[in-house]
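Just below is one structure, and these are the notes that go with it.
Chain IDs A, B and C follow the sequence of writing; residue 1 opens each chain.
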């Protein structure tokens, strides 16, 4: 809070109101609506709805299909998060090492940030095409009969690769900026203290990157859970069938294809709780996050 | 006291033997990894571009192409100016315009609204400041994707489907921009407010004469991030725009993909051309305004 | 014996800038050498080459009898104290000090003993479990010192270690570092831009300018017989007065048209010279023969600085503070031993 503030009574309310109005109408109303609908069963033809208590939720957790999607979402999130963080960290460490061409590498490694997930998905459709895709052919050379859209785990692999490809740039940017904010003299002190480069990395550099890494961990989990919708939708060509999907995709499918407002809303609420937990964890960790120097 | 030889360069002959330049294998390895990483990022898009220069039949039978064909201009022309193909009533130009409206409308709307809100929160003594803060803050928790169906129901109930308002405004209902600006305003030295009050500037003058000029780079950075974010929206436009006249380029990708499930040979070349057009504006902005963009992105963390 | 020998050591950066011209000197065992000069003079580059943080372009560097040009910093058996301390923010004080020893594979008990001993010497015993962020600037400085001490290095390197401290602490730490280095008997190289630090701490001083060594010598030599106008004006506060003059080759220096001073030096250069006179070696005297036009008095307490003009040039006199009112034209006594002659073009001492 600032010491010096203006004490005009109506101006702040006036300039705050657009934000509050938009949030009220397009955030709180829908969110409340979701929570409310999750306790009702809607008539499929749109004629009224019946209060059904928590049965939408119990149905959800009794559904083997929902649990299967939840399970896949976990695996998918873990793999996407791990690989996009690991690859980005490796590249950032290397880009931080080199002097020559550093700027060019930075540009080449970050520009994919600007590509929309569904465009990346469309590229995936071509690259992993069952009969002519270059990556399919590459896998074939190693004896892997890759079948996008037919084999469950093959499709999952394509989703993960495309999702990682799309996410590496953001992580790279953050890791590189984290590395560059480590004082040069601290690295040099480590150079005198430890002759092993990997020792220096794990003892000194990595702990100093930990706040960045943790922040990115949350960002990446959120990305894998929600922002890869476009990747998944395009890779399964809008028709999931027996292909893998994530929880968010299922909310969409059940709500808009299945017209199951109650069930879809219950799923939304489950996701809201999940995000809430993630956020609480993030803030807990940020409180404990050591503010170095 | 040991010998001291203070030698000026003039006295020194060239050193007996020039030390051979050591090849630093570690550095070679670093470059190798970075080159591999860059290829990983660039090659897929390269293939898309090359494929966009071939006929559908070539692509259909041989897959993506590594070399430039002779259909580049034709495919881009068709993607931009021909109606039909993937959609029946719009051409690429129309979608490009819609994407621009979404990207710029979203970015500008977000910046204006969140600058105002952040200004109110940081610089005014407000009774319910904490409450307002939390009301706005909570929106950070729930991405649109989570509350997609109820949001759709609400917008539909308001009759805003197939309107630019329905397309843009609900996307603004999150506090990311407000937080960028809140953090930035808090880093502005307090003495500036004090000085400008002594100079007789009220809240409006301070905002226009001091704060906006100070925020220029920040505004530019946020504009870039928000423009890319808005341009790349997919799920919301997919739901809210069913009339093709409102399709954005990214929304159009969905139509392309769906033609792939048809039995006829899809217009691969045009599809790839449209994909290139869809990625070009945000990519160019990010590359050319890299420094602002990176600054804006990484400083949002703190 | 851990002497340090530089033989025509040179540094050229990839962009072609020659940061250090070929330089040679030797530091005998146990000596503390201060490298001083303005920023960008190459003093830090020189130190960092000794540390192994910069590649040596040409020449050889030995620590003890070992050529270390291509030896890893961690294997040079050196310790370095950085300007901003460069403590590891995520490690406790004890871990900070022991990290280098741990990497050398010393047993834990031994590391512990050494850390405790160093902490006792530096009055850090109660802070061993704290993080650097919980310490004051002076304490961090001590931790950085402790980290250097526990390694029992052959050579201490100090890169402007006191410049982030306030004036009072700086004086105190100056004495502490000096006495510690004496007690441990370890050879040390110390970089600073502060000429007071250089004068007070050094066994010998190396004055650098534009990548080149201007002079090497004991503090008294540097002060009394500066080798160039650069050294003369850089070392000493207020700096030496330098006046353009001409030397006729037979014992007289002419300042302007009507002022000639007899001089002891038997310089074999006749023509344009720079005449150097330290403000504190000039005396106000009624019997003096040199007129000085007083403009402004700066009170320093113990003495006062008189600023004015001598033969039309800016001139400063450091006079004892005796409260006597002064104004107008004063007469100065310029003793012969206080006159330094420098070449008019090269600036070298004549």
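Following the convention adopted for this analysis, contacts are C-beta pairs under 8 Å (C-beta built on N, C-alpha and C of every residue); 3 or more make two chains touch, one makes a residue touch a chain.
For clarity, every value in this text was computed on a predicted model and none was experimentally measured.
The chains in contact with chain B and with chain C alike are A.
Ranking all chains by how far their C-alpha centres lie from the centre of chain C, first place goes to A. The distance from the centre of chain B to the centre of chain C, with each centre set as the mean of the Cα atoms, comes to 52 Å.
Per-chain CA centroids place chain A at a distance of 16 Å from chain B.
Averaged C-alpha coordinates put the centre of chain A at 56 Å from the centre of chain C. Contact of a single residue of chain C with at least two other chains is seen at no position.
Among the residues of chain A, none is found touching two or more other chains.
Per the touch definition, chain B reaches chain A in the complex via residues 26-27, 30-31, 33-34, 37-38, 40-42, 44-45, 47-48, 51, 59-64, 112-114, 116-117, 119-126, 132, 135-136, 139-143, 145-155, 169-170, 172-175, 178, 186, 190, 193-194, 197, 202-204, 206, 228, 231-232, 234-235, 238-239, 250, 253-254, 256-258, 260-261, 268, 271-272, 275, 278-279, 282-283, 285-287, 290, 294, 297-298, 301. Per the touch definition, chain C reaches chain A in the complex via residues 14, 51-53, 72-76, 78-80, 82-90, 99-100, 103, 131-133, 147. For chain A in complex with chain B, the residues that touch the partner chain are 2-8, 11-13, 15-16, 18-20, 22-23, 25-27, 29-31, 33-34, 37, 87, 90-91, 94-95, 97-98, 101, 105-119, 121-123, 125-127, 129, 131-134, 137, 165, 168-170, 173-174, 177, 197, 212, 215, 222, 226-227, 229-230, 233-234, 237-239, 248, 251-252, 255-256, 261, 264-265, 268, 271-272, 275-276, 279. Contact residues of chain A toward chain C in the complex are 99, 183, 185-186, 188-196, 199, 203-204, 207-208, 210, 290-293.
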